[in-house]
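Labels run A, B, C and D following the written order; every chain starts at residue 1.
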Amino acid sequence: MSSTLGTLFKVSTFGESHGKAVGAIVDGCPANIELSEADIQPQLTRRRPGQSDMTTPRDEADQVTILSGVENGKTLGTPIGLMVNNRDQRPGDYQEMSDVPRPSHADFTYQMKYGNRAASGGGRSSARETIGRVAAGAIAEKILAERFGIRITAWVSSVGEIDARDMSLDVPTRAQVDANMIRCPDEAAAEKMIELVTAVRDRKDSVGGVLTCVAEQVPIGLGEPIFDKFEARLAQAMLSIPATKGFEIGSGFAGARMFGSDHNDPFVQKDGRLGTATNHSGGVQGGISNGEPVVFRVAFKPPATIGVAQETATFGGEASVLEAKGRHDPCVVPRAIPIVETMTALVLMDFVQRQSFRIS
Amino acid sequence: MSSTLGTLFKVSTFGESHGKAVGAIVDGCPANIELSEADIQPQLTRRRPGQSDMTTPRDEADQVTILSGVENGKTLGTPIGLMVNNRDQRPGDYQEMSDVPRPSHADFTYQMKYGNRAASGGGRSSARETIGRVAAGAIAEKILAERFGIRITAWVSSVGEIDARDMSLDVPTRAQVDANMIRCPDEAAAEKMIELVTAVRDRKDSVGGVLTCVAEQVPIGLGEPIFDKFEARLAQAMLSIPATKGFEIGSGFAGARMFGSDHNDPFVQKDGRLGTATNHSGGVQGGISNGEPVVFRVAFKPPATIGVAQETATFGGEASVLEAKGRHDPCVVPRAIPIVETMTALVLMDFVQRQSFRIS
Amino acid sequence: MSSTLGTLFKVSTFGESHGKAVGAIVDGCPANIELSEADIQPQLTRRRPGQSDMTTPRDEADQVTILSGVENGKTLGTPIGLMVNNRDQRPGDYQEMSDVPRPSHADFTYQMKYGNRAASGGGRSSARETIGRVAAGAIAEKILAERFGIRITAWVSSVGEIDARDMSLDVPTRAQVDANMIRCPDEAAAEKMIELVTAVRDRKDSVGGVLTCVAEQVPIGLGEPIFDKFEARLAQAMLSIPATKGFEIGSGFAGARMFGSDHNDPFVQKDGRLGTATNHSGGVQGGISNGEPVVFRVAFKPPATIGVAQETATFGGEASVLEAKGRHDPCVVPRAIPIVETMTALVLMDFVQRQSFRIS
Amino acid sequence: MSSTLGTLFKVSTFGESHGKAVGAIVDGCPANIELSEADIQPQLTRRRPGQSDMTTPRDEADQVTILSGVENGKTLGTPIGLMVNNRDQRPGDYQEMSDVPRPSHADFTYQMKYGNRAASGGGRSSARETIGRVAAGAIAEKILAERFGIRITAWVSSVGEIDARDMSLDVPTRAQVDANMIRCPDEAAAEKMIELVTAVRDRKDSVGGVLTCVAEQVPIGLGEPIFDKFEARLAQAMLSIPATKGFEIGSGFAGARMFGSDHNDPFVQKDGRLGTATNHSGGVQGGISNGEPVVFRVAFKPPATIGVAQETATFGGEASVLEAKGRHDPCVVPRAIPIVETMTALVLMDFVQRQSFRIS
């Protein structure tokens, strides 16, 4: 296990889906930041299941408590302990799965690696694990917004074969993103996506999707070549989110099909500083932010737990048919939005703290 | 700067394109491994420029010297110092670029971050930086092959709009990969790719491409959720390679368009162990290797340094036209193959050492 | 702040003296270890204040709760969340200190470093911070005892000018250590120490002391030269405990007065393995454990918070007289015993996990 | 092995006593620092053996080469590669030791841990290993001196039973320290020490000693509680130096014999800032520097390799008599001075970089 992220703004998380609590410690947060639970709760609430027909109806209030690190409404510079109780500690729905590892889920690999695994639900591999990160990242978001004006916004850019129009040059607000259940600000596409997810849910199947995320007002100079290049740490952060299968920044895989003369971003004078006329680079050059918006996409596979009957095998290797009981997310991308945003904030915040040293 | 990678098998690299030397320290290598320069040289030679018309003709022998950590042909368990001298320390070709940052290159961001940069060539952002990694990774490859039979093979799967056929289920050998200049074992595609790169080179332009890489015989259980999931650290490693813009594992971005009932990999009995019938997961589930081949793709943008005239701006913001002198790689993907392979080996080797602890 | 310790057995702690809770996350604990709160509580209880007239009478039950990482009485291999509620969240006793930094306490340096500090008590610099470490270290102790038979025992070897006889060759049990209030198993010395501490307490002063600690049955080969030598990491761990001023291993400062021909520990055959006839090395040679008992001493200064009137200055630099109100520990060494023992266990456990890798 | 030190100013070292070279990579050094070999060489030369009758006559020029990270006399912000060739790669003197592990040396523990060891000399456990650290630390010293006026000075305060007078309140200059062969600025004591070391050398024995080190002009606020407290990381650094057995800061072990009312350092107004009237704290409170001089002592054991006949055992457990051939240091403390100073600089420099972040 490796549940600690960051060099100076360091987050350690804990918690399974059905233990007593989940949470995190944020170590290295600057002192004298105004902070209360109210700053953290909104992203946790956006992440919460049961918000709509699009997501699993399991009800969890997910109220965060700050255990330490804040006094009189201000951070002390000491570790911030964050905790969210699990209400729903032992559901019956999961139990019959125990002999049959769910295909494309972590049941098999956890059992093989640890020789043990949470008997119910996904344990540490459950989406519930992300609560600690989201809570920690919400603190990073607040600092980045207040001190640098950084805005981080993700939205659903595709579900299955339905693609939204490109909005990376005209970034929506979070309110616009949240305006519909699927969190795609292209309303025409959103309608079709909702239709698709509803149909998929009704037939007990699931479907994948892609998020686009843009970080605006990122200062020039963040990122630590060579192994902690901006895009390298961002890719690590994104691929650590459950169900992700791909990451691309700027032109991404499409850029691999282009010629240099089309792909290069020429420099131009912009608002009194050097900027680029195009942004195929996605805001980074040589592993360092260049002042343009950081634009990236993250691919999520269809959720592995489905009610459709699957021919598979038991741990012992015997043929078996699995039909997951209970209600499960038919599509994770709407709920993944606050996770992607807050993970981005964690990466940025750590770079900010590593960069800002100047002996002068 | 952050030039150290790994938790137990730890690699630190140094060196600019035009300093005295480039190299690495490998700390945490097991003792009693047979090792000599001859084990490391082949991947360095495959990475070397000037091997064909496809790559930059700058001639560098790139002979590695082991400075420490090996005695009587065996590793001591102490840090292995690795060094490759730079022959060609101060070329004139680069000099007139100094006022004009090359578009989509690291000139601008290095200057902004550090307030200084190598006057000639790309300095630390040059492809020459990768020598230290390749040398270190060649040691990891040797150990992984000898002890676990792990084979890591990358090949060119696309150049520009030319795609090779899918070879991930019938993985070529390195000899097959090296059989043509472009390192694509689909000969029909290779021919077109070579034609394209030749044309691109002749018009002083550049073109991007994609590598596919497969790691076979990876033991079950590698990867350290949650932040050091297998695919997360692999993504970090790949996005730390110069010119990369995207990473996907298994089904990747295509998987985001699929339904769960199609995407899930059913378990089947296989050679006396539990395997999966399909491999959309790309060899990892829940951030841990599942014993199937690890399959991933890496997107490389077209090289930024081109001879085509580019309208851009000086550091001071004045309009300027830039035409890079000298000969430059029109396409990096053939030379990127040993880099991707050895970086994969570094990630795997670190996971092997972190995993193999069992108190029992 | 840096509240995370360890490379593979990683402990992150949180909590101030007067927040809601203190605690820790233990990441990297092996799976399938039997574990419950009952395994952790004894060392927390030994650390607890109010156990005797020797220590501060502030009453805190210090009951630990396991929040995650354990299911059905066994560890899952996932992070273990540990929490102890603070009962006594806002005492009045400390308030009038706010303008006058306590001499030799952390009030001044915290304020200067963070520009903020806990208004009451020592906040993060309080002895209460050690609860998270002790809870985490109790888990390490259990594993080390069960798998290797390692025993870690500390006792009070001096208080002020009163020295106990050397017991490092005839190590007492924890029960013998706990047999008297001062936790010194040399009863004659203990009696004088108790007398001294009582007198010191009555005149509202404080006194320092030294602990000796021995780790027995430590396997040969632990420690990671050069920067993580066994004694280097042990020294770091000990000097991270509040109020410590010195660390010495084996012959320590006395060894610096000796000749090599007297100091060297000759090898002898011992129980079928190579051991040493003497143990001036204190169980380590070249930064690596040699199989002999690890013997070290830790110096604790007299507690800084005293009722005696002190002529000092306010934060603003004005002369002031400070008399601490309330009841404070006149001597920390008895309560420091479980802290020293569990910190030793954390260092050892991390070395065990880093060492045991053998590709073979 | 763990040969990397530091969080932001990161040093990785390599090299055995009889390989091709020893050296280091310094990663995270600020850019635009004027730097050349001439800045590094003096401390290497002070460390060099063969400077006097007091130290081993083995002749090594120890000329450092900067391999990377510096261009036109200024640092680039990229890793600085540092190398010193080993002249004397295979001496015969050591060979007959191979069956008999030297008592109190690392021969036995290296063999047991790694299953291999350098056949000649101490390999990685040799004092020659410290060259990389000294070279790296010399860079840190330069930056600390130029930007903060920090002065770090160590001297020999005891050899065997001969103690110099306390000079911690009237710190000598390095020139004064170097004025005699034993590097003790108390001339009366120095004379006796030299006499003692000469006698010890003549009878082929060795003797231990203690260094005192003072860092002046250390800014307030350095150190990262709780695990990276100033004194904790300093203790780790010191105990990672070969032959060290103890560390104490400020009052140290003597402080453990004192009462709080005597030991506390009262605050006083001093040069326009709050300082302390006494300095029992040794410049740190709560793990953070308080602006007073940092004063600490390090105990060195007598060197293990002696010519005196020692009754010991072979690796196989058979009784044997060992008389080391060749010439060896009878006392390491004079040569340890630059090592202690530069290791202090490495610890300080890392704290400076970790501290100086202020979002404001």
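Just so we're on the same page, a residue touches a chain if its C-beta (ideal position, glycine included) is under 8 Å from a C-beta of that chain, and two chains touch if they have at least 3 such contacts.
Since the model is a prediction, treat every value here as computed from it, not as a measurement.
With centres defined by CA atoms alone, the chain at the far end from chain C is B. For the interfaces A-D and C-D, the C-beta contact count is higher for C-D.
If you average the CA atoms of chain A and of chain C, the two centres end up 39 Å from each other. The centroid of the Cα atoms in chain A and the matching centroid in chain D are 46 Å apart. Measuring from the averaged C-alpha position of chain C to that of chain D gives a distance of 26 Å.
Shared interface positions of chain B, i.e. residues touching 2 or more other chains, are given as 1-4, 7, 13, 110, 113, 124.
Chain contacts in this assembly form a complete graph, since each chain touches every other chain.
Residue ranges on chain A touching chain D, taken from their complex, read 7-8, 30, 143, 147, 352-354, 356-359.
Taken in their complex, chain A has these residues touching chain C: 1-4, 10, 12-16, 19-23, 25, 27-28, 31-32, 65-72, 74-81, 83, 110, 113-119, 123-124. Listed in rising order, the residues of chain C touching chain D in the complex are 1-5, 7, 13, 101, 103-106, 108-110, 112-113, 122, 124-125, 129, 158, 160-161, 200, 205-210, 220-221, 223-229, 231-240, 242, 244-253, 255-261, 263-269, 274, 276, 280-282, 284-290, 297, 299-304, 306, 308, 310-313, 315, 317, 355.
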